Structures are given as structure tokens and as C-alpha cells.
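Same chain, two partners: chain A is paired with chain B first, then with chain C.
Showing the complex of A and B:
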């Protein structure tokens, strides 16, 4: 209230600023608190195997969330990511006979194709992202089951095995892949014209169009990016399990990914993308699940805690009406 | 002329101060509003007008001082309290619900109900039609509000605000989105209120309105009251100098902003738009502009002037017509292609079509020029800043740094950011759709000066303004539009306000019923046919 004791010319730190900070960086605070909690209360938390496991388990969600963050930056959403993972997984099993490279390429291309379909529906035909990608959420899973003929297929391919459980100086390959993907997406967002087009299209599509921004092409691209990343997450998941299970792979991952993005400080209204925050968000959700499991709380509790965190994240990001 | 009750003070502000986080917004301001007067409140952006209004309406609580209403000190905890007490406010931006019908909007929160407690639509529609008719508006009140033009929406907002029983009506730049004829109607409404003994606070940037309409004028500058008194006792020049805090002589020099340019009509036009046609929007509109020439596009709202601007820029779908730059046709329907051909546009609606609010000043400025300011798709902020900082200095954009969010800037500075955006493109043809709308006097003069400067450097400029005076003073020739068609062109010495108005008036045949404005027409052809036939 009283502003008299403030240095002239400097902005006071008000409640709004604190709320802004929490909305943008609260995820790191949460992560820190959770790590401290685990250090104190969870036995065997600091063991290498446990830490490795946490990082390995977060990889699929993290990769999907990176694509989701870019989509959300355009004020869109991609609900089809889980089904794309299933399609990629089913195709991997179907074509693994032609060798791992061919199978992986086909799986990635199929993912990209789904992305093109999403993108065309949204950018050309003006269908709302939530509707267009919902259609593919439902249809895509069905397609995956048709490809796999509803079966779980086990695979014993050395290359896939190496991807799934290999390590490089003690660091799992999948973690390195995720870091590489994160780096590429981060550069894409922060350092390229494409990145600017994403946040501009999300922030004000009409203004962007008049400024010569290729809004439609940008929208199409983000859905292709998201679906391709989802396909790679599907491949990684399949490689880790050494089996393609299209009825299970990527189930409900769209919710985890959206949660990671939102908790990480990217507003659902678009116009901003936070890559490191998204990774931290994914890690936060992973650690919460792990913490609850190691303290013998059932999975159902984990889901409810996740729900509370989503609500909390959206609550602090809500637009403030009084300036 | 005015009611007998003039002079009785109805609302008084006594020594009110308000600070925000150490910044003084209002500093010991005292002001009395009398019944039956129109009191102009003027000042540059940031002078404290908005804060004063918000204190009056209960949106802010003063840190110091008090408000006396009808002889008694009052505290309005929230805007609703002030409204209930009889103080009504019309904000600059239309605060209505676009998807609801005109009638629903007019009666929002006070809908008439029938015996069952349900909304009595028949009665509501009847009343709405009657109320709007009083202000000379005849529209289908069952249609959604968003189908009306911006000016019409503003009139509905005004009708809503003044339809109740109010003692004080506060209007924050009510004419900023109105057309001349709508302004006339509004001025009549204000006069009606005055005769009814209402005290009207009239915030405006337009000096003509102060001198035409207002009884007294109060000038704020940097949160302080610098002048208050009868309008009759102050000259235009004095008023401007009080607002700007400059000496009269200085202002007078600053006012000769558009210098005379001689454009050689024999040279080939750099821009040639021919036969631009879109059913019910544009009818064979042709415009030419030469290097160094300012061509004004004049006409009323809905005359097709903004649509013409957008059509040339490739942002308005066309049935036929072509745009050529130096003889080379541009691919239609693509602003990107237009930019590549050397065109640039500053759109009419700064908020909706101009700035990207969440992005920084830097990102907003370089947005259109990204392809040419990047290497292989990669951008460098350091490289951009060389250009951005230069433009910030040149245009005197008040921003703390290029990283500041553009939404935090004032309207005038946002407009300068848009100017910086088009200057980054180094265009040969610049289209400006109402570039000085709703911005303060200082920024306005600077922008007008810049337009003149750019033309002298050889840029061809298409200028649209909601102020006829601005187009007439700024243009070398003027194309006059009505109902989507060109009705005449004025060149050199023919350019005058009378000339433009003459052309608009002469072109007016049939009835004077208003066809729906351009924005509402698209995609609803049959509906429009019905209107025109009225």
C-alpha cells in the first residue's frame, strides 16, 4: 500500500509481480521442494539406479511435451499425440522385418503424415485444434489397433534394444536422445524465424497475417513437429519395452504432456513457449508419481495430486482482471 | 441554451492524490462539476485523465483528498456504487458482449421480465428500437452486436450508458471510433443531456469538440491540474500550449507540420490499383500513387476506404482487380507478397490487427522484416537491436528497453512501434489506416511530421484518417469513396475539406438510410440486399 519508502524510478515488487514470477518459474521451486523432500524422507532416493530410472521414465512425456509446448505457443492443442505413439509403435512392429532403420523411418513418416492431416484440418479448414486432434485421438488409436491386428508384438532387434536400454558413459541413450531433441526445439523456438512466427501467430494471428507472417504454414508446421516428436516417443517407448502394444502405448500421455507444458509456465492462451520450464514440468510430474509410489500410495492418489497441480498452475496463470 | 440549474455543483473532487508504486498519477487535483455543463477534460496520455475518471467512478480509491457528491462526502468502493448513485461512465473501448444481440446488450443486467420471470424479448426489442431511434440508429436489434461497425457499437454503448437516470455522465473519448455523422449525433445527445441538467465530463483529444461542445475545460498535465476555466476564455493555441507545457510560439511553429510538396503528375505512378472489386464491398475502385506523393483516401465509415487499403495490401479477398507496383502485378491475397513488392500497411485497429501484445517491443518491430533480418532462418537479437534501437531513438518510442512487452506501452508508443515495424521494411509504398487515432497530441504531431518526411524522401503514401482535417492537410491528392466506389478525386489546389464533403454529399442519391458497414457485409450477401433496398 504505502509506496513512500521505495526508491524513486524503481518499480515496487507487488503481489502481481510475485504471481507472475510463480506462474513463470514456480515449477523450479516445486521441483526443488520435491527433491529436498525426497532427500530427507525417501530411502535410496540418491542412488544412481533410482536417478537413472526417473530420467528414463520421463523421456516419452518430455519429448511429447516439447512438441506440445510449441503447439500451445500458437494457442493450439494436440490431443492426438498418444494415438500417434501407438501408430508409430504398431508400424515399427510391422516393418521391423525390413530392418530397424526402415521401420523407424516409416514410423516417423507416419507420425509426420498425421501431423500434416491435423495441420491441414486446422490451418486450411479452420477446424478448432481441440476438435481436429480429438478426431485423430480416437481414430488414430483405432488405426494402430488395426495395423497391429489388436495384438501385442514382441521384438528382439539389437538396434532397438540398444536404443531402449543402452547407455553411453552411464547415461541412458534415451535420455541423450531427449536432451538432443530438447536442444533442437529450444534453438528452433529461441533462435529462428520459425520460433518468432510461432509466438506471433499464437499472440495475435490477425496482426501476424498483416505483418506478412506465414500463419497457415506455421500452424501446419507445429502440428507436424508435434506428431513427429510423438512418433519418436512411441518408438522409444516400444524400444524400451521390446514390444509394441498399441492399445497401451501413449495412453493418456496427452494429458501428462499438457500438464508438463502448463506447469512449466507456458500459457494455454499462446504467444509464449518455455522449453526448459516444460522439461522441468515433465520432471516434476514424474517425481511426484515416483515419490507417491515409493511411499506406497496408490496410482489413483497420484492422479488426484496431478489434478490439483494442474488446477494450481492454471489458477496462477489466469488473466488478472484488475490491472 | 442550458437549463436553469447551471452552476450548482453536483460532484466535487477535493485535493485528490493517487500514486502507483511510487509514481504520482494524480497530485492534489481539485475540480467541481456543475449541473447542466459539459466539462472537457484534456491532456496528453499519462496526464492523469484515466486515473481521475477511475477515482470518480470508484475503480480506484484516492490516497489523499475526498469526493463530494451532492453536498456530501462519498466513498465509492466499486464502480457499481457510483453507477447506483447516478454516475455513469462510457469507456473508450466498447465494453459490451459482441455475440449477444444489440437489444440484449442494451439491457444487459436489467432485462425486462414477464410474469414467469423470463426475459420479455418482445418488450426488450421494442424498447431497444425506440431508444436507438432517438439517437438516429436504425438497426435490427435482434442481430448480434458484432455485426455492427465499430462506430455503431460505440453508439449502442453510449445509448446504454445514458438511457438511465443519471446526474453525472463521464465520456472517455466517445468519438474516437465514430464517423463524422455519428459524431454529430453524439454531440446532439450530449447537448440533450446538458439541457436535462446532467453534468457531463467529456474526455477528448479533439480540440474542435472542446470548442464546439464544451462549456468549461480542465487541463491535466503530469497528474497536476494546470488549467480550468470557461472554454470561451481560452484560445486553441493557448489550450494546446497548456496541454503540452510548451510556449505558444513553439507550438505554433510545430503546427506547420505538412510542408508543401510538388509532385510531378507526369511521372509514372509507382502504385497502380485497378478495378478492385468485391461484391457488396468494393466496386471497381482504382487508385494510383506516385513516389513522394501522399494520396488521401476519404469517405465515411463503410465507404470502403479501409477495404481499399487492405485490398491493395492483399489482405482483402477480391472478385476481380489488380495491383501493380512499377508495372509488375502482385500476387493477390497475400500480404507477404505485397511486402516483398515494397508495400507496407499500418492497420486501422491497432490492438486487434497491429501489435502482438505478449511479445517484446523488439519482436514487434522486426516481425514483418524477419525474413530479411535473419540468416538461413536464424535470428540474432544483437543484430536486430542495432536496427531496433535506432528506430526507438528516431521515433522517440518511450520504452524501458527493447525487451519490454509492447502491451505495457501507451497507445501512442504502440502506434510508433507499428511505424517502426513498417520502416524496418523500407517500403516504397506505405499505407496508413488512421495512424493517429486515439493517441495523444504530442505523438500525433510527431507521426504527422514523420509521414511528411517519408514522402519527401520519395515514399508513396496512402493516408486514411477518421479526421477529415488530417487527410486534407496531409494529402497531395484525395480519392473520395462512397459505398465502395470512387466518387471523385481532388488534386493539388482542389484539395479541401469542403471539396471532399461536397463529393460525398453530391454522390448521395436515393435515401440516406445507412447500409451496413463493410465489416458486417462479408459472407451475408442476401442480408445486405435487403438493407440497401430499404
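Showing the complex of A and C:
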């Protein structure tokens, strides 16, 4: 690397450009290759039902990953998202007797409350994001199980049923919700002052603070956003299963979400958020799992392949420091 | 820095004698350091005494204490490795999966004899740990992502070996490897002894060797450590190698203890290990920590579990809530104390 740095010839720049391009947009290349592979080798891949299924299955991860992308943009991390999904699911089952609207509102508010707790611990008390959200990962899952008394609760509510399995002109409602969320987050990041603050806080918090960026408030908002999105993913997941299963909902989703974000070209070091890349990252991981399953490869192999892909994606993006 | 010095002691430049304010600040700083280092031990003693008072001999018996020690030994082994990782400025998320993988491989290997049952899990876990270390130290990849991928990979491998978790391998009770989990020396179970040795060796290495100093230096300030000539890449690689090996050893002991290897164990163990290390006063920012504190943290978590089990009416899910709340409180206190020290 140092040799290329010292000799700023045309070819050296060209190679660095290719590396940068692959690091940032490799996910689209991967997605394209995977689709081509499936078109050729997977029978019944292009059927409407299958495509619809892939999109429906990716929704919870995609929504959680959108929040995660913003958090990672501030060079933070939110490990508590899976537990927040479980809490939202448990509360939904608990309050469904008061009507779906009340239950959904309470579940979303609970998610926001967890986000406030995360945000306060991180922005006010300066606790590392990984630790603060780790505590809520452990405690939150326990709380959800306490609320639900460890049981699976079946729910037959028409509104939840419509959210879970309804369609609008053949497009599943959950997919529309995810697209709406993606649009809002994309506008938030790219077109608002808040978005500028997020990227600035992630790039250099000290400089941002000195430049008058409200770093603490931005961090707080980011964790509230992430937790609220996680809660809505929990509600969607619950509506799709028409059952609340707090010991299962959102299990290990923090890993999938982080993977989607990182594969999508958002660097873990913060300072940049890629929304479309994140969605593509989520879709890529979903398609990999689906491809392996449709070719009768077991779950265990899927996990190992995912691990290798995560490493590959981050290896490409690793900071290029002169040795 | 000059500003804080003059704030603390405005009389310093006048009489050249440490004033009352300076002495008070020194006292506070010393107290903060004692609390930071020994806080876990103090809480451990208080909780143990309280539980003894409330539950009497149901809690405070030699048998129950030995049970707590045995339950602590598996987490303890993992936590010793995690202490080095965290002092070195990283985190190893793969230990829970490695423990499960090791247990499965130990039970799988036991059909070929004791040597394979020991060498196979330790070899594979050591290899994965080494791989973690090389990627983090040489390729400069984020420790979080590397060990996360190892978490996924090791669990996947454990499932692949055990036919998607459907096959549970059993270890023949006649094999010598069983002794590692179920044998005892002078009335003390072997896992307790092995964990004890690990803590002792860890303490000596951390406080009395060049390697321990190098780990602390890297965690404190990697650039400064590099300028001092510390071989960063080698030291870091060894940290993750040892963490993987210790997680493998813990899995081997679990398999020997239960005469079987299950691919579903150890989920979330990494979080418990991190919690134990942090509760023990090791700073998550790296550069400072103690093995003795980790021992106290591990014991404290297990005493709390034991107490919650004694209160039969308490739902076992409360255990998780209590651990989470505990972790937050400890980190908040730690944060406050380390701020106090810097004054």
C-alpha cells in the first residue's frame, strides 16, 4: 500500500478507485450475481409467490437495519434491537384486549422508552454504546419474558391480521410499510439538519461539538429512532405470526441487521450512512439464505456462509493504512 | 491539565505545600481506586452475608458453596480469556459458540478415544481463535465484526457436526476424559481446580510478565505502545488465540461434566463473561483491569443466580433482568469513579 501512496501514478489511483467502488457498491454486484445464479439454477425462482415471500421475509431485518444504519452512522451500535422486538411483542399481546390501536401505541412507546434509556446512558453518562445496549439486550429479553410469563400467546385480531398478511394490489402491506420507513429514514438522513448532525457526530464528535452540533441530543434521538423502528419490526413480526413469542421474536436479529448495514457499505467507524445499500444488504443476506435453503443446504451451512460473507465484506472495506 | 491543577489547589504557587484541598482530592482518588478495584469483592461479601442471614444453611453450606464454585468454573475459564481481550482494548463475542462447538467436538471425538476427545476441540477452537487474532491484528479488521462472524461460524459448525443439532453425542463413562468433568481431588471437583489454576496463571501473566504489560499498554494507547516497540500484532493475536483456547477448554469440561455434547449450549455466554469482567472493575475502554476482580465478578453473578434459585417463587426470567440492571449500575458507578480518578 505504501508504495502506491508514494507513487501517485495514474494506475495506482485507478486501483484505489476500484477498491473504493467495490467497498461501497459491492453489495449491488453481489445482489446481481446472486439473482443471475438463481435465475439459472433455481427452479421456480421467478414466480410471483416466491418473490413476494422473499420480500415479506426480509421486512423485519430491513426495518431494524435502517435504524441500525443511522446508529452506526454516529459510530455507535445498538445490540438491544432484538430484545426491544420481544418487549413490543409481549406488550402487544398484553394490551390487545384494549383494541389494536392502543396495543400498538403502547408497544411503540415502550420501544421509544428503551431508546431513551439507551440514549441517556450513552449521551449523558458517556457509557460505550456496546455496553449500554448489551445490558438492555440481556435485561430487555428477560423483561419481555416476565411480561409474557414465558408463554407464547396467540392473537386473532382483524387489524393485526390485515397488517400481517394483507395485500394492496398484490403487494404485501408489510413491504409497503418497510418502503415507507425506508423513504422517511432516507429523507431524514439526506435532506434534514438532523441527518447532517448524525454524520457529523459519527465523523468526529469532538470537532462537531466545538462546531456547535448538538451531539448529545443527536445521539439520544438516534437511539430512540432505532428502538422505535425495532418495536415496529416486533409488531410486524407478531402480526405475521399472529402470535407473540417473546423468547423467539428478534433473536439474533442484531447480528443480521449489523451485517446488512456493513455489507451495504456503511462503515462501522461512522460518518456515513447508506440507506439504499442497507436495504440491498438486507436483501442480499435474505437471498443467500433462501438460495442455500432452496438448494437443500442445511441451516448450519447457511450460518457458516453468512460468516464468511461478513468477513469478506469487511475485509474489502478495512481501513487502508500504510503499513 | 494546568487549569485543573490550579483549580484544585489555588495555594500551591504561594506556599509550595500541598494544601487541604489537594489532600482531600488525593483521599477521594484513592478511595475511588479502591472501590473500582475491590468494589466487586465488597458487593460479593455483602450479598453472601445477606443471603446467609436470610436463607441460613440452605445457602450457607459447604455443599452449596462448592456448587456455586463449580457452576462458576466454566464461566470463569471464559472470563479469564475475556479479561485479557478487554484489557487489550477488544471484545470476543465468539466464546459462547466456541464453548458449544468444543463440547460437540469433544463428545464427537470421544468415540476415537480420550486423546482425540481433548485434542480435537482444543485444536479447532484454538485455530478459530488464532484466525480471529490474525484478522484483527494483521488485517486490522474491527474486532466486533470478526468475532461476530466467528460466533456465527462456530455455531454453524457445531450444528453441522451434530446433524443440525438433532444428534447429541454421548461420552462413554469409562473414558478417562470424563474425569476432567466429574472427578475430584481432595474433595474438590476437577473443573474448580482447573479454573483456579487458570485464574492464578492469568493473574501472574497479567501482573508479573512482559506480556501482561504489553497487553495493558496496547489497551491503554496502541499508538504509544507501538512507538515503545511493543510487537502489537503478535501480542494481539495471542490474546484472541488464548481466549479461543480457554473457551474450548470450558466446552471440553462441560462435555465431560454432562457426558455429552449439545450444540445449543452457551448462547449468550459471551455477554455473561463481559458482564463478569466489567463488574470486576476492568474498564471496557481497555488499558486497565484485574483478574482478581474478574474472579469476584464471576462469583457474584453465580451467587446471585443461586440466590434467585433459592427464592423459589421468583421467575427464572428475573435472573436476566437482574443481570442487565446490575451491569448498568456497575458501569455507571465505574464511569463515575474513573471520572473521580482523573480529577
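Assume the second predicted complex is superposed on the first by the 309 of 323 C-alpha atoms of A that agree within 3 Å, B and C clash if a C-alpha of one lies under 4 Å from a C-alpha of the other, contacts with A are read in each partner's own complex, and residues count from 1 in each chain.
The criterion applied here is as follows: a residue touches a chain if its C-beta (ideal position, glycine included) is under 8 Å from a C-beta of that chain, and two chains touch if they have at least 3 such contacts.
Just so you know, these numbers come straight off a predicted model, no measurement behind them.
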item	value
Touching partner for A:136 - first (chain B), second (chain C), both, neither	second
Chain B versus chain C as contact partner of A:204, first or second or both or neither	first
Touching partner for A:271 - first (chain B), second (chain C), both, neither	first
If touched residues of chain A are counted for chain B and for chain C, the larger one	C
First (chain B), second (chain C), both or neither touched by A:127	second
Touching partner for A:212 - first (chain B), second (chain C), both, neither	first
Partner chain in contact with A:146 - chain B first, chain C second, else both or neither	second
Partner chain(s) touched by A:310 [first = chain B, second = chain C, both, neither]	second
Partner chain(s) touched by A:194 [first = chain B, second = chain C, both, neither]	first
In the complex with chain A, residue positions of chain C that touch it	91, 135, 139-142, 144-146, 148-153, 155-160, 164, 268, 271, 274-275, 278, 284-285, 315, 317-325, 327-328, 331-332, 335
Residues of chain B that touch chain A when the two form their complex	19-22, 313, 315, 335-336, 338-339, 345, 347, 352-359, 363, 366-368, 370-371, 374, 377-380, 421
Touch list for chain A against partner chain B, complex	3-4, 6-12, 14, 191-197, 199-200, 203-204, 206-214, 271-272
Residue ranges of chain A touching chain C (in the complex, touch as defined)	77, 121, 125-128, 130-132, 134-143, 145-146, 149-150, 255, 258, 262, 268-269, 298-304, 306-308, 310-311, 314-315, 318-319, 321
